[in-house]
Structure formats: structure tokens, C-alpha cells
């Protein structure tokens, strides 16, 4: 019986023979390739790939890892293998607006989002979310008062480490992370911005969109970096609007866009489909 | 036999009785309402409407105009009646990229775009467009050399007046109109900007989009104002892209978006479906 | 202080003077028009309108109703006035798949969907939905056994009458209503079909779509009629898919389409934005 | 200096080692992989791939072909290598509606569609298309009279062979090809159907869509098979419509969808991005 599925993702400077070397290593270890996507960024000559495979013999994974390590130094390759049956551990951070939280929880409960929820952190008290049945999920109320942001972020970081969090999701968390915490979480912290970036950065983007009279609104999921709203974009989506839409209607319609954009970004991240490419991402979509 | 269709568009401060007064005037003059859309901007309390109608007796149009003039001063109303059978006269301005020009010409030839083409102006010579059969359309090559922009724009303005141009379409015309000419053409000059404004203003927006790694690109048709890329937006549309798309691919995909966005904006403008509302537009779509 | 908003919707054979008569009646009763949309079906010469208004004096509503009744017989007009502050009473019917139920409940709790939930009926037991906090909502488990459909539907109808239900929403209710019940609920029962009708009628449409190799999938919200999957369509939406998508992935992606299509249809219905036009609908969208 | 780009596409029953074998062969012949996409159909266990590569030494292509032939019999592999600089030869067939023809011609002239146009065949006379500058393109007027379809198709087939046509594009050609000709052209004849298949098969689909009151219309590009409108789908796209749209408006809006759907399908086919998979296609999109 074959094993479950693994995803190998890697990036390295382009040169002949990369795929032959990697797939040769897979073949020699009896791995069976199920799906693969490769991409060369012609501007930087960087090669990116995601290869899904399984084994007939699970013991071969260690030998494969050894061989890939050798190839990695040869090819200057960054790589990772993820056992797709291993559930990533998510920490969800949220302020008052709970539609993205509710959506992630729903997808998690139904099994559509195959992760573990390591906890929820909010700068608002738990009864803000009393409509939701969060019973078994650890909840930390970490408010920010004058000059306490530093302390609050230490606590966040402690939780991330202690609970072995793989991915932090800012599900409409309306506080800006410090440069320090952004740097520590780089590549494993996703934010949903409620506009079609780079348009309407900053606060109240739907009100900005209304004032500008745009005909389409959108939302953007991106990795968090120290430059607010400038991190690598993972996913964007849009909806048409018209002059009939008040700012409140934009907020309402925006919620639907935000939750589907964020859930796709999280789904792709935990499926090892997103690779960083400088300020950008390579997304090997399903 | 009923007459052809007329479109009455008007805007005035909101108050009770506007529609009753206007439709009463239409009814007393034996006009038959075919289609109507109203809208009140709740932020400014301005009322906007478009009413399509025909007559059983064409002679009533003058009486209706008289009555509407009276109501206009009463209601502080801006209004216009357009006989939809009267073809608007278009002047198309273009630089080297001819996809929007080609598209407008095709739609005009097939009758889909029911206008007259009063002429084409380019800052590039006529043989730039030799692939297109422009035989009967007046073509003016108006290059801009050092310090000749003022002279060139005088010539444009002369053509606009002489040929009774109703609408100037900047169909990828890559020169910035002066404040003076923008002001003179306000509300009757449409530009296609090759980005999803307000993102990526200015030059080479597809290259900007590629560098930023966005996942959706777009185009924007707007009325030209002295503030470049800031005029009231008429229409926007988008397409999904991915990391596979080079800047050249974005330019290619963008051409398809640009031509459909521009043609819709022109179609709605000449059908009296677009009303100005400060920095924004009200578009009564079909 | 003005009253809350009312929506007048009506349909009648087209003729001159309809709008003048109606808006005259509104004006004489001191109603202030906020928004209006009219439409004439040129194939049938039927006129449709939705007019939103408020009063400075709430007592005028009775006089307006009297006047509209007179006009109705004159114009052969079907009409209704809805006080938009009056919450419509929804009965949600569901089988095992709970994503549309969960979505409606979430929108109701947050106030986005301004209705009352009169109850939930399922042909599956209550603990099917134990993930959801349905505490205060009446829940009826009405299974269908051999030959008991008739009895079950009597019970449904009893609940509809007893609880003064305005709208029945089939939120992935996988039983076919009888002709009799369909007829009784005509115009106030909305179903979500998990395909882009008229393609893929009947069972397992995502599996049909996968087998056919389509590149876009969709969902359809429609009024229920005795002809299954043939009722007047209110809303449809789609998403792009690819060969990578398994039938299970289509089901997963479809859930997102279904819930937004159904929630839009319900929102428009309860906002008096949907008028029946034979086999079709007129939707005056926001 | 590297050679131009080649695309290797292949399909074979899935088994371990396929990619290792193929990319090994590429590597041994000094080919450099630029981009690759693989896919296993889990329902049929068939493996599909597209690998783009170039050589430092053009002479290696023959050796590579020899090695791939050996692997092909080993792996029961169907394969083809296309030199992407070799222009595919297109034969366009058209009836009266010329929007798809015009679009293909425009994209060809601008170089966006990198093909050769081997000719145009119409069942309408050349002056049907006098608005278009077709000067240098061979044009055959092949009308169908009583009982002459057989003869007409023989002439089509003669032209296909004589002019070494790679791809026949039915660009709104409103005649049904015989089973015989469909079979001969299988996999190299693309049709644009003016509906979102499988909805609205057959004649006048926009009128059918209007009668049914759908809220979204679409178009479908597919390979031609003997079962009309049942061939493998390559691409589909849609646009939202409303009750305001007359059948004529649907036809107008549909033209825009048709031309972009057809041009994408042709673009992907000539870029060796489309592989047949039974009744379906695998499209490795750009």
C-alpha cells in the first residue's frame, strides 16, 4: 500500500539538470511522482518547483532526505518536504470583525481546511465572539494599552513557540505588528487586507474606494512584512460594484471577498503551494 | 407610429416631488416612458435620473423642452435630452498602440457602436496604422516637437470645434493633455488607463504590476481631468494572472481588458448613461 | 423626522402615464422618492418598477394605499408595498450539507441579513448540525420514510402557516417538493441548485461537470416550481476550474459559490428587489 | 548561444520513474528545462506532461528524439516535440458573422498570435468580408448547395492537405461538419460555440438564454467531434447579464466573450498547451 502524499518544494539558481537530478533521486528511492509544477523566473533565473509524490516503502523518506541534502549544497537549493498528512498548526489573530474567523473555523470543523487550530488571540475580550462556539480552542485576550505593545508581542511570540505554531493568520487583526515580530514571523504570517492592493493602502479602504468612485473592489492576502501592506501577495479577488453601493454596502460585499481570498491563501500555504520569490510569490495553484 | 427613443438625463438637489413633476410633464406631452433609473446620493443629497421615452407625436418635443426649462429653474436641475437616433461624433486620438483604435473601428463598422467617426488624430504618422483600412476617415498627424504642444493642442481644439465633435476618445494616446485642453473637454473626453486605478498610476503600469506581483490586473476608463489618472471613473474590469505571466504577457492580456473597458465606457457615454457626480460617475448600465 | 423606507413594487401592461400616475400619488401623499428602477419587457410590453420612498408623516401610508388600489384597477396593476423595517420571516430547510445553513445563520446573527428565522426543518436529525449553535431557533426533524412524503409536506405547510413564514429557503434540501407544495409556495420558496443551470440538471452536478471537462462551474438560485430545476432564476455565479480539480475539489469550490449565490438571492428577495416575469425574474440589483 | 524553445508534451500510463527517465534523457542531451507542468488523472491513472526546454547545441535534438522514441515504447507514451519557433499553419472557416475572424486576423497581424494563416474558407462570398483587408490571404468561397456538402468537404480536405494546415479554426462557421471530416480533423479543429456548454446546445443559444432568463452567459471553445457540441472543451468564459438585456444585447455581449475564448484556445493549442484526455482536455495554462 502506498504511503500518503508528500510535497517537495524547492528553489535554486537555474541550470541544466536540476529536474533530472531531483527526479532521479526520487526514482532511486522508489517515490512515485503524482503531480509537479516548475517555473523559472526569467528576470532572476531562479528555478522553483513543487513535486508531489508517494512511496511504496515509507522507510525510504530518510534516504531521500539525505540525498536531497547532498543535492541542495550542489545546487544552492532551498528545499523542504512536507508530509501532507501532517496538519499545520494555525494561530488565528482577530480584532472585532469576526467574519474571517468564523469562516476559517467553519472550514476547519468541516474538514475542508485540514489544519489544527493552536489558538485564537484577540485584542478584544472573549465575549466579543460569543456567537461562535469556540469552546475547545485556547483563547488569549491580549489587549494593547499605552506602551504595552512590546509586552503583548512578547506574549504572542511565547505562544507561537510554546504551541509550535506553523502559521499565524491575521484574520482582520487591526493592529500593526512591530518590525521585530514581522521579521520573526516572515513567511509564516498571512494578513488579509481589505482592498485590492496596491490601491487603497492604510485605513478604511472601502471608504476610500467609495470616495474615489471605483467600479470594482477587492481584497488581498499577503505575507506580513515590516512594510505595512507591502508584503508578497498570495491571492487577490474582486467584485463589481456600482454607484448604488454605499460605503456600508462595500464593507458588506467586501466581507465575502475577504473570507474567500484569505481561505484560499491559507489553503495554498498549508498545502505547500506558495513559494517566496523576493517581493513576490510563486503560487502553484490547484 | 411612435417616434424614436429619447433619453432625458438630469441631476438636481433631492426634494419631494421631483419624479412626479418630471413624469407629469412627460405624460402631459404624450411621452411614453420606456425605461427609467433614479438614484439619490445619500452623502450629498443629489438626485440623478435617466428616463427613456418616445412620443406618439414628434411635435411635442418642443413643448416638453419648454416645460422642462421651467422645471429646471424651479428644481435647480441640470438636464439634457438626447435623441438616441442622433449619432454622436467621435474624435479618436491614438499613439502607436492600435488595439483600442482597431476595436472601436470594428464596432463602428459593424454598427454595434452607433456613432459617426469625425476623425483620427495621432502624434504618429498615418502609415503607423497601415494595417487598418481607415480610408474614408479624416486623419490628422499632429506630432509634438520641442515646445510645440501648445500649437498642437490649438489644432486639436480647432478640429473639435470645426467638426462638431461630441466626444474625444483617448484610445491609448500617450501624451498628457494640458490643463487648459482638459478643462475645455471636461465631461466629453474619455481616456483608457492601462491599470486598475488607483493602483499603478503613471508610466508602464503592467511592469509595475509585474514587479509588485499582483494576482489580478485591470484597466480603467475615466473622464480626463487636469489631474492625470484622477478623473471620474466610468468603467473598470480585470483578469486573473499568475507568476507565469511576464510583463509582456501582462501587456498582451491587458490589451483585451483595455479594449472591452474602453468600448463599454464609450457605448454608455453615447447612450447618455453616464452622469457626473463630483469626482465620481453615476452609470445607469444596460 | 422622516419615516423608515418603504419599497413599492408593481407590474402592469405598459401604457403612457404609468409613472406619472404613481409618482403623482406618491407626491400628493408627501412621499419622498429615494431610488427607483423601471423596466419594460419589450417582448411582452409588461412594465415593472420598484420605487423606494419615505414619508415626513407616517399617517399618509393608508391614504397612499387607497389611492394605489384605485390606480391598480385602472392600470391592471399588481402591486405591493413593503415596509423595509418589517423583517421577513424565513424558514430554512436543509438536508445534511450545512454550508448554506451556516452561512445564512452567520449573516443573520451579524445583522447583515435583516430577517427573522422562523425555524429550521430538516429530514435529518438535529444532531446532524451539532457544530452550529442553533439554540433558540425552532428545529423540526421531519424525515421522509416510505410513502410519508405527503404527511411530511402537510407538516411543513402547517409550520409555514402557523409561523407566518414569508420565505422558505431550500438551503441544500435534497428532497423534491411535490407539485402541490411547490404550487402553494410559488414565489416565496427559493432553492439553490449546485450547477450553472440549465447545464447539469439533476443529481451530482459537480460529478457531471467533472466528467464533461468544463472549465467553469457555477450555482443557481431560483424560485421553486413544480418543474424541477426549471423555476425562474434569481442569481447565478461561477468560478474557473481546471483539469487539476477532482470531483471533490469541485464540490469544495462549489460550496463557496452556492453560499454567496443563495445569500444574494435571499437578500434581494427580502429587499423586494425580485419581481416575477413569467418564467423569468426582473432583479433590481443594489 | 542557446537555441529557441521546444515544447515536449506526452501522455502515458502512470508509473514510477517517468519524469526521472524523461528529464534524464533531456539532461544527457544538454537540454535545459525552462518550465514544466505534470498532471496525473487519478480516475484513469494517466500521466500528462509539458516540458519546455532549450539546447546549448541544436544538433542534440536528433539524439533526443531517438532516445524519446525508445522511452516511448517502454512507457507506452504518446509524445510530440514542437519547435516553438515553427509557426503553426491555420485555416480559418467562417460564415457571415466576422467578429472572430477579425479578431484572429488582428492578433495575427500584430504578432500576438504567432502563426501563419494558410487560408480562409467561407460558405459566403468574399465580398461578405470586404470591410477587412484580407488581401494576401488565400480565400476560398465554398458554398453548400443541395447535396453538395460532400463535394464541399472534399475540397476543404484537399486544401487542408495541400496547404499543410496544422489547425482548422471554425470561427463562427455555421455549418456542421460531417462525421467523416470531423474524424479526419480530430484534435486539430477548434470550434467556438456561442453558449456556455453544456447549456444551450444547438441553434440560437443567446435567444434560448434570453428565454430561460439566465443571469450569466458564456462561450465555449472545443475540439470538433462528430457529436455536435460534445467535443473536448478547451476554454470557457462568461459575463454577467441582467433582465435589461434583449436577445440582441446578448448577441452583442456574446461577441466579446466568443472572440476572447476562441483566441485563448487557439493560442494555447499552437503553444502545445492542450493535451487530449478522452472526452476532456488537460490545459497547461500560461
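Every chain is named by a letter (A, B, C and D) in the order it is written, and numbering of its residues begins at 1.
We adopt the following convention: a residue touches a chain if its C-beta (ideal position, glycine included) is under 8 Å from a C-beta of that chain, and two chains touch if they have at least 3 such contacts.
Since the structure is predicted, the reported quantities are computational estimates derived from the model, not experimental observations.
Asks: Taking each chain's centre as the mean of its Cα atoms, which chain lies farthest from chain C?
Replies: D
Asks: CA centre of chain A versus CA centre of chain C: separation in Å?
Replies: So the centroids are 36 Å from each other.
Asks: Between chain A and chain B, what is the gap in Å from one C-alpha centre to the other?
Replies: Distance between chain centres, rounded to whole Å: 41 Å.
Asks: By residue number and range, which residues of chain A touch two or more other chains?
Replies: 35, 39, 242, 244, 285
Asks: In graph terms, with chains as vertices and touches as edges, which category applies: line, ring, star, complete, or other?
Replies: complete
Asks: Using the touch definition from the top, list the residues of chain D that touch chain B in their complex.
Replies: Counting only chain D, the residues touching chain B are 35, 98-99, 102, 106, 109-110, 112, 131-133, 242, 244-245, 249, 252, 255-256, 260, 285-286.
Asks: Quick check: in the complex, which residue numbers of chain A touch chain D?
Replies: Residues 14-21, 23-24, 26-28, 30-40, 49, 56, 240.
Asks: Which residues of chain A touch chain B once you look at their complex with the stated criterion?
Replies: Touching chain B: residues 39, 41-42, 196-200, 211-216, 218, 232-238, 242-244, 246, 277, 279-283, 285 of chain A.
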